[in-house]
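Chain IDs A, B and C follow the sequence of writing; residue 1 opens each chain.
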Amino acid sequence: MSVGWEPVIGIEVHVELATQSKMFCGCAVSFGEAPNTNVCPTCLALPGALPVTNGKAIEWIIKIGLALHCEISEWSVFHRKNYFYADLPKNYQISQYDVPVCHDGWLDIDVDGETARIGIERAHQEEDTGKSLHMGEGGRIHAATETLLDFNRAGVPLVEVVSKPDIRSAAQARAYAQTLRQVIAELGVSDARLEEGSIRFDANISVRQGPDAEFGTKVEIKNMNSFRSLEKAVDFEIKRQIAELEAEGTIIQETRHWDEEAAVTTSMRTKEGSSDYRYFTEPDLVPLVVTPEWREHILSTLPELPHQRKDRYLALGVDTQTALALSSADTALRSLFEDTVGAGADAKAAANWITGEVVAWMRRESVDTIDVDSASVAEMIGMIDANELSASAAKEVLDGILRGEGTARAVAESRDLIQMTDTGAIESAVDSVLADNPDAVERYRAGEQKVVGFLVGQVMRATQGKADPKAVNGLLREKLS
Amino acid sequence: MDRSTLLPMPIDIDIAHVARLARLDLPEDELDTLRSQLSAILEHAAKVQSLDTEGVEPSNHPLGFVNAFREDVVTGSLDRDEVLAMAPEARDGYFAAPPAMSQE
Amino acid sequence: MSLADLTITDAAAGLRAGSHSSVDLTEAVLERASMTEAEVHAYLTIDREAALDAARAADAELAAGEDRGMLHGIPIALKDNMCQRGVETTAASQILAGYRPPYDATVVTRLRDAGAVLIGKANLDEFAMGSSTENSAYGPSRNPWDTGRVPGGSSGGSAAAVAAGSALGALGSDTGGSIRQPGSLCGVVGMKPTYGTVSRYGLIAFASSLDQIGPITRTVDDAVAVLESISGHDPLDATSWAGDYPDLTSEIDAGVAGKRIGVVSEFAGEGYEPAVTGALSHTLDQLSDAGAEVVEVSLPTVELALSAYYLIAPAECSANLARFDGMRYGLRVDGETTEELMARTRARGFGPEVIRRILLGTYALSAGYYDAFYGQAHKARTVLRTEFAAAYEKVDVLMSPTSPTVAFPFDAKSDPLSMYLSDVCTIPSNLSGDPAISVPVGLDGRGLPIGVQVMAPAMGEPVLFGVAKTIERLAGFDARPAMVEELA
């Protein structure tokens, strides 16, 4: 990137809520069912049908808002956003306009050990559209010869979270999306699966010359279906805009489509010129009022969130990188950590072992979930502290624990890994090695220091590796001097 | 509201743009007639602007009540055959329509 | 006198006394329709067999002692903007030709539960937009009092059916006077309840914040009977009133002694036919003689009600009618792209008045005009409500003509604005959400009926019906259209 250019990025996230029923009707919220099987007069926009708000969805958007440190509007309304599209049954979307349920919050993200606070402009409640299948060559919209419509998704509750333009790099964009997804997943309000489209990202990007310059013309990019493609698309778009501006071109305000295969953004040239949405208050619905009592009640149901967890882990003495990794690790690993500490283990050691060796073991064994006795892990850490296990022996003990071979001690005993702590036995092994290797002793005394390594090896072999090498080394030097 | 934002009379209407927004494919001459009819109606309707509404909140709902919620329960859907029987065109369980964009 | 000319109250009494059956009533009504429909065209659809089946079922239930109340076995017509499962429902539009809803409107469910016999679907101005029924895509209805004149609208078919004896009662919908004005022009009772007290679920929306379903009947008692069976909270309509409902009959026989009646002074003058204002004065004199205190009340903002209405209603309709796009049901006119298909379907499927209002509403909501038009109209609505509320501090009910004129000839109001002026007295109650009723009180010199309007505050139905019933008794209006006299 040329010196002086600063990217300005805002991200809009659409989250499908995992309620039982849709936003305004009693059809099931489902994924992957036969087309047009979860539809009713309301979500198909049959003449005369009316919407009624799903109270659970409102509770959940408040939950999301509170988790993102938002203000919750005591009074808000739904609006109609008017535009014609084949998969939008009413040809207006029930959404929110000037008074959303949640506004003015923030989310902390970490990139390369640095924390950045990203402002949340608003989070509003709306409904999803149906799905259009563009039939024809390659399923591409431009080459389609027919549209097939499925309205199962029409009316699924959707929360739109709009960030402030506080994001300054593609890596931050990715971290924001990942962190937000994590929060949503932990709240239990959405499946939060990118591949199923239950969480979707759009990015608004512009570049400007330095942090004090006016914002440049922004471009919206769509169709990123993984965190990696979000990062790549943002990165591509930043470079494209800079190149365009440095070639004395201009940026056109438009929507661009991320083409995953070609790894470029392309202009979505549609005939949809004007976007005059003619918002007005939805007359079929009444205003939403969130009383302080309701807000407090929802606040009391919030689980501990990653950033709160990270702070707690730091206070327990876990180092920053490990606390960060562990606080956003999956539930099984986190509860293993909590339980291990609960069973008396040192928090820093437990965190290191779990984010290090446990995760590495899972990767090696290609398992994505573990069921492990935390007391055994705590016991293993205690044995390391008591010098009963060497670091390498402990890895073997952990392997045994993870394979369900028993407690740490049982594994250590059955695999014969307990470190020799009896100094008398080590001393006699040292003595017999010195007696059996007079030339080596001679060479050491002639000044050949490195021969000690050979002697340590001999002692380790004699004790079948159970002696503490450090202790052996000390004892040898003492006896040789 | 700021009275200076009120529109001057007579009212000028970009009728082709409005018809496009409303998805009404109407011939030129009909649009011309509609433009003058709309202007007349709007000049009458614009009388509301004479009312002093300084500090007045708009009425959103006649009875002024709030928070009408339904329980999050599945109450069932329509039978698909019945749904698609209403459709002008259907295929393989889907509603069918022309492409979103023209081929040129 | 034919059974088709009975009031609901008398027909219900006769059913229980064994003087006739529901089948007798239904056959009489169908017979009447077969004689009047060619001229009146009150109906778009009559479902003869289903009506007779329902009548037989009602007779069997009543014989077995299962009494569902006043409407049990009574032939009722539905305005064709109310969805009835499996029965063609078009809202008098080409865009819904042949459309059969897969579900029942809540009012239909309630009428079925009350044992009513659904005769058929009454004609209306397309999507309830109009004041004469001339905007029906399937041809106008005619006024039974003079078939050269309109029955009013938009519930013109419902009012004409009740006046002609092809239904004992009917449901209409009222967005700016569409129950009361045709009630007045056809010499029957038309009542718009408090907004939110009758479910709109299954009513094909025109303007959601104004639409309200209500009864069209021959008497005030009949209106009470119909309203009792259709009103009440509906969980399928978020704007449905969830609190307590008043007892509609608590003041029905209370008379008007000691009541304060306000006459809205703005509803007089140019455009008001002398016979209409004369009939109102006569009624006020009678009420005064009966012990009411009649006072003049000024509501200055009602002068702007029409303007506000012609911004709010079209704005809401422009969105409500967006769903008619040729994709999922109804008419489709093909196009190369979905956009072309939608624009062609809508231009062909909607009639001129509907197109006019959609464009008007689209314009009023579009960027740059919202504050000056739509936003300002809603503020005017607030001011109007405040004025009404202040008036009801001083009086029990307000009164005015229902319509400035009696029934007018076809094509008399081809200019949209002059047609809109027909609703000048009725629109304010839609904007305020309050209940109002039109009661027939007499005929003009040409033998055309005249109605007066009574308005009450929200949930003021008991006093509204009490005053209306007193007016009805004092007027002693018992004239019937000549075509009915001949047939009876």
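Definition applied: a contact is a pair of C-beta atoms (placed from the backbone, for glycine too) under 8 Å apart; a residue touches a chain by one contact, two chains touch by 3 or more.
Predicted, not measured: the structure shown is a model, and the values here were computed from it.
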A student comparing A-B to B-C should find more C-beta pairs in contact for B-C
The chain whose mean C-alpha position lies nearest the overall protein Cα centroid is chain B
Go ahead and note the Å separation of the Cα centroids belonging to subunit A and subunit C.
-> 58
Cα centroid separation between subunit A and subunit B, in whole Å?
-> 41
What whole-number Å value describes the gap between the mean CA coordinates of subunit B and subunit C?
-> 24
Which subunit C residues reach two or more other chains?
-> 99, 102-103, 209, 235, 238-239, 318, 322, 325, 327-329, 338-339, 342, 362, 366
Junction residues of subunit B, two or more chains touched = 20-21, 23, 58, 60-61, 65, 68, 70, 78, 83, 95, 97-101, 103
Residues of subunit A engaged with two or more neighbouring chains | 41, 44, 52-53, 84, 86, 91, 147, 149, 151, 271, 276, 278, 283, 285-286
Using the touch rule from the top, collect the residues of subunit C that touch subunit A in their complex.
-> 81-83, 89, 91, 96, 99, 101-103, 105, 200-205, 207-209, 235-239, 315-316, 318-319, 322-325, 327-329, 338-339, 342, 362, 365-367, 370, 374
Any idea which subunit B residues touch subunit C in the complex?
-> 1, 5-7, 13, 15, 18-26, 34, 37-38, 40-42, 44-51, 53, 56-63, 65, 68, 70, 78-79, 82-83, 86-89, 95, 97-103
Subunit A residues touching subunit B in their complex are 19-21, 25-28, 34-41, 44, 52-58, 75, 77, 84, 86, 91, 132-134, 136, 141-142, 144-151, 270-271, 274, 276, 278, 281, 283, 285-289
Interface residues, subunit B side, partner subunit A - complex | 17, 20-21, 23, 58, 60-61, 65-78, 80, 83-84, 91-101, 103
List of subunit A residues in touch with subunit C within their complex | 41, 44-53, 80, 82, 84-86, 89-92, 147, 149, 151, 271, 276, 278-280, 283-286
